[in-house]
Each structure stands twice: as C-alpha cells, then as structure tokens.
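To start, the structure under review is shown below, and the notes come after it.
Think of it as A, B, C and D in the order they're written, each chain with its own count starting at 1.
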Amino acid sequence: MNRFPIIRVVSKFMIPYILLFGLYVQFHGDFGPGGGFQAGVIFASAIILYGLVYGLSAAQEVAPSWLIEKLIAVGLVLYAGTGFVCMALGGKFLDYDTLEHDLWSELPHGQHLGIFAVELGVGITVTSVMVMIYYAFAGRDRVV
Amino acid sequence: MEIIVIPILALLAVTAVTIARIRNLWAAVMFTGIYSFLSASWMLILDAPDVAFTEAAVGAGIATILMLATLSLVPKNKHKGGGIQNSDFETKRLRGRSVVGSLIVALGTGAMLVYGTLDMPHFGDSHAPIQEYPRPSFVERSQGDMHGLPNVVTAVLASYRGYDTLGETAVIFTAGIAVLLILRRNTDDNDRDANLETTSSNGGGSKPIAVATTSKNSEEAAS
Amino acid sequence: MIVVEVLAWICLVAGSFFSIVGGFGIVRMPEFFSRMHAGGITDTLGAGLVVLGLLFHSDGVLPAIKLLMILFFLLVTSPTACHALAKSALSQGMRPELENDAVKSKATGS
Amino acid sequence: MMHPAMSITAVAILITMSLAMIRAMLGPTVFDRVLALNMFGTKTVLLICLVCFMMDRTDFLDLALLYSLINFIGMVALLRFSQYGGFDAIDASSDEGSTTGGTS
C-alpha cells in the first residue's frame, strides 16, 4: 500500500492502541466482557493489519513464522498443563481450588489464578492460529 | 426499547435475504460485515455482551479478511464480469437436474431433526434439566467460589465448564493445523523453486529429489 | 443542571438531523464523489454531536473517557478510510462529474 | 436512564442505517458499497453507545470502542483487495515502507 501514505501513517498510529486493547480484553476479561478468545482475535487483527499495510515479509519479521507455529501448541499446552499442575497438587484435572497460595498477595488466588492461566492459553492459541491462517493465505498467493 | 429492537430485526432479515440473493461475491462479503454489525447490536440489547464482543471481534475484522482472501484465491472469472453468466448457467443446470433429490434430502433431514426435538422438554419448562441441575445456580455460586469475580460468563467458561473450553481450544488448534496442511506451501524453507517444480504431494521434499524429478520429466518430454 | 439538559438535547437532536441528512445524501446524490461528501457529514459531524450529547449524560469519569476515546478513534479512522477510498477510486479511472465537463466524463465511462 | 432525546437519536440512526443499506444494495461501483459499509460501521458504534446509555450499562462501552478500532481493519482490507485483487505486489512496497515508517 505504498500509494497510500496516510493509511500507512494512521495504521502505524492505530496498531499500538489495538494491541493495548487486546491486552485489556485479555486481562480484564474476568471483570468485564471479554476473555481469551476475543483478545486473541483482536491481537491477531493488529498483526494482520500490519501485514496488510506493510507487506507480508514485514509482518513475518515482527512475528516470525516458526515462532507462531510453536505458539499454536504452547497455548494448548499451557491450558492442559494448568490441569496437570492441579493434579500434581492433589486435586482433580482443572480443579483450580488447589492453586490457593500465599506467596504474593498481588498475584490472583485459587480459582482466579486458574482462570487467568487458562484464558492466557486460549488467547495464545487463538492469536497464533489466526495469524498463521493469514500467513498461509498470503504466502500462497505470493508463490502462485 | 421496542422502537430499536424491531428495526434491527427487520434490517437483519433484509441483510440475510440480500446475502443469499446477491450475485456479486464482493458485495456479499460486505453484507456479511453489515450482518455482523447488526447482530452485535442485537446481542448487546439481549444483555449478552460477551457474545456481542466475540461477534464484534471476529465478524468485522478477521472474517472479512479471510473471506476476501478466499475470493482472491478463486480464479478471477468466477467473481468478476464475464463469469457471471457462466455461474448462472451452472446453477441452472444443477437446478434442473437434482431439485427433487435435494428437496427429499432436505425435508428428510428436517423431519429427523424435528423428530429429535420431540423428546426434549418444552420451551421455558420450569422442570427442564437445564433449570433444575445447578442448584444453587452458577450465578449465585460464582461470587463465593471465584473470590468475587464479577463476570459469571468467564467463570462458567473457564472454570465450571473447563473441560468444554479445553476441547474448544483443541478444536481451534486442530483447525489451524488443518488449514496449514491444506494451504501452506513451504515458502520459508528457501526451496521455493523446488517447491514450484514438484507436485503438492511431496511438497516437503528436499532439493535434490526435486531436481531429479524435474530432470526426469524433461527427459520424458524430450523422448 | 437544566443547562446541561438543554445542551444534551440540542447536541443529540442536531446529531440525528445531520445523520439523517447524510443518509439521504448518500442515497440521492448523483455520483460517487458527491455521495462521499454526504457520507463525510454523518461520519464526523453527526457522530461528533451524538457522542458530545451522550457525554453530557455520562455520570462518572470512566464512561466519559471511553466516549472521548471512541470519538477520537472515529475522527481519526473515518476520514482516513474516506481519503483512501477517494484516492483508489481516482486511480481506477473514476472522475468527479463537474458541471462543465459532465458530457466528457460520461464519455470516459465513470 | 431512558431519555426521550436518546430514543429520537436512536431512531434517526436506524433510519440512516437503512439508507446506507439501500446504497450498499444499489451501489453501481464497489466504492459506493465500501463507502456505505464504512458509514454503517460508524452508525453501529453510535447505536451501541446509545443502547449502553439507554440500558444504563455504561461498562459495555468497550464494545463500541472495539468496533471503532476494528472497523478500520475491515476498511483497509477491502481497499487493499479492491486495489490489488490479492496479496501480491506487497513486497515491492515493503522497502519503501520502512523508510516512510522511520520518518513518521
């Protein structure tokens, strides 16, 4: 889109706000509307906007393909791993009541901590899947 | 509120009919965007802000981009100019051939689905399992269980129904892997030329094999 | 308080007036570039007045800040999209239909 | 707080939405449709703000904020695809893009 300088500048200006809003939805989802899935989609939208305006290779410098591929699995592992940590602490799978702790009072406790970790896993998986689908579409068109 | 609700529902119906009837696929993608806007407003009025949030995040941004990307991968004459008569002809041919069969299949599926709902409790029945089971309900329990987290939807999704959400995340994971397997050509492995030569069945093949197959092909062509 | 109430009424009604005017403009205007002018009215003046009217009704700081942010993003993104739209329409050969060369631009097939 | 002026404004916005939809249906060129869609998005943001105030649930204004951000992405995507018809011709622009980005 190098024929649209205003779009380039405004996109550069908007992307931080979209990323920040995605983080807000991710970490504020326990208190207001939102959660991991929505946050993941918003975060991916910001990266895709960057790719649409500045080109696929620029987006792949920001979020490299190999990293995104790994992150698809990392999110799911984080989710299931929370369940296994609960089992290791003596509860059942995904029983967040075992996550009660008194290490640091600022850190969320028990159920809240479990929800936090699980939503983070969902967010990571959704972000990377959406970005990866975009890469798949865009990269295909470039080769043909 | 009725003064807003009825026009929104009418606009939703008009948009849905337009999406089904319009022949220009680019315009249809834009109308799905309009449908997303309207349904998000409608879900907000129904007091379901989480669903409205999902619709807003997915419908206006990602869904539009992915549908446009799909259209751009389809051969050009399908959605621009001269191809329209061709596709019209296609639908006419299909309509003449199999309208009876598809009608029977559709009606049969519909009848089976209606038959399946006969055993379900009546709509709004106060003795239905969905009203009986969580007693006290999640809304009353979640304040104590969740250290005072106000959003019950998040509590139900991530904690009370944690298994379901794990399954959903696995579905997203699987869908992403499937899209990768179908769509991606390994452009980032520096063997783009090799990839262009070989067929997609051995897309992961290394360079020497690709060269060997191409040389064989050229030999066959020469002989 | 009555002053705030009156101001909110004025802003909301003026915003809805401009919004409807722009809506009729986008349907009734003869060609693309004049329609874009009509769309610009609703996107900036109509939206600004409506959000300003709601601002008078907001109790508390957080809703007011959110409204101001919404207004800010609308005012940034909507004219940008309109500009890019006009530019790509021009680059694809559409020309604004002026009074003295209406015949010529029809001939080029805008 | 159900305010009569808000009801009037909501009805006006709904009328504008239907007018924009008429243009999106008629629209002879693709640009008319994109213009109508852009207008529809702005009007949705306003309608959601109004509904939040009419239901007295101002914490749902996040939704309007999200739409005002996301609507832009949809516009950029539509423009890019109507301009280039695909993802190609991107990488030619990326080098110049870095220099433009540096100055902005």
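The rule we apply is simple: a residue touches a chain if its C-beta (ideal position, glycine included) is under 8 Å from a C-beta of that chain, and two chains touch if they have at least 3 such contacts.
In this text, all values refer to a predicted model and were calculated from it rather than measured experimentally.
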Comparison of B-D and C-D by number of C-beta pairs in contact, larger one: C-D
Whole-Å separation of chain centres (CA-atom averages), subunit B against subunit D: 22
Separation of mean Cα positions, subunit D and subunit C [Å, integer]: 11
Subunit A and subunit C: spacing of chain centres that average the CA atoms, whole Å: 34
Euclidean distance of C-alpha centroids - subunit B vs subunit C, Å: 33
Residues of subunit D whose C-beta touches two or more other chains: 11, 17-18, 34, 59-60, 62-63, 65-66, 69-73, 76-77, 79, 82-83, 86-87
Subunit B: positions in contact with at least two other chains: 49, 52-53, 57, 61, 65, 69, 72-73
Per-residue overlap in subunit A, given as positions that touch at least 2 other chains: 4, 7, 10, 14, 17, 25, 32-34, 42, 45, 48, 52, 137-138, 141-142
Touch relationships between chains, expressed as pairs: A-B, A-C, A-D, B-D, C-D
Touch list for subunit C against partner subunit D, complex: 8-9, 12-13, 15-17, 19-20, 22-24, 26-27, 32, 35-36, 39, 42-43, 46-47, 50-51, 53-54, 57-58, 60, 62-63, 66-67, 69-70, 73-74, 77-78, 80-82, 84-85, 88-89, 91-92, 94
Subunit B-facing residues of subunit A, complex: 25, 29-38, 41-42, 44-45, 48, 52, 60, 65-66, 69, 72-73, 75-76, 79-80, 83, 93-94, 96, 108-112, 114-115, 118-119, 121-122, 125-126, 128-130, 132-143
Subunit D - residues contacting subunit B, complex: 7, 10-11, 14, 17-18, 21, 24-25, 27, 30, 33-34, 37, 40-41, 44, 47-48, 51-52, 54-55, 57, 60, 62-63, 66-67, 70-71, 73-74, 77-78, 81-82, 85-87
Subunit A partner contacts - residues on subunit D that touch it in the complex: 59-60, 62-63, 65-66, 69-70, 72-73, 76-77, 79-80, 83, 86-88, 90-94, 96-98, 100-101, 104
Touching residues (chain side subunit A, partner subunit C) in the complex: 3-4, 6-7, 10, 13-14, 17
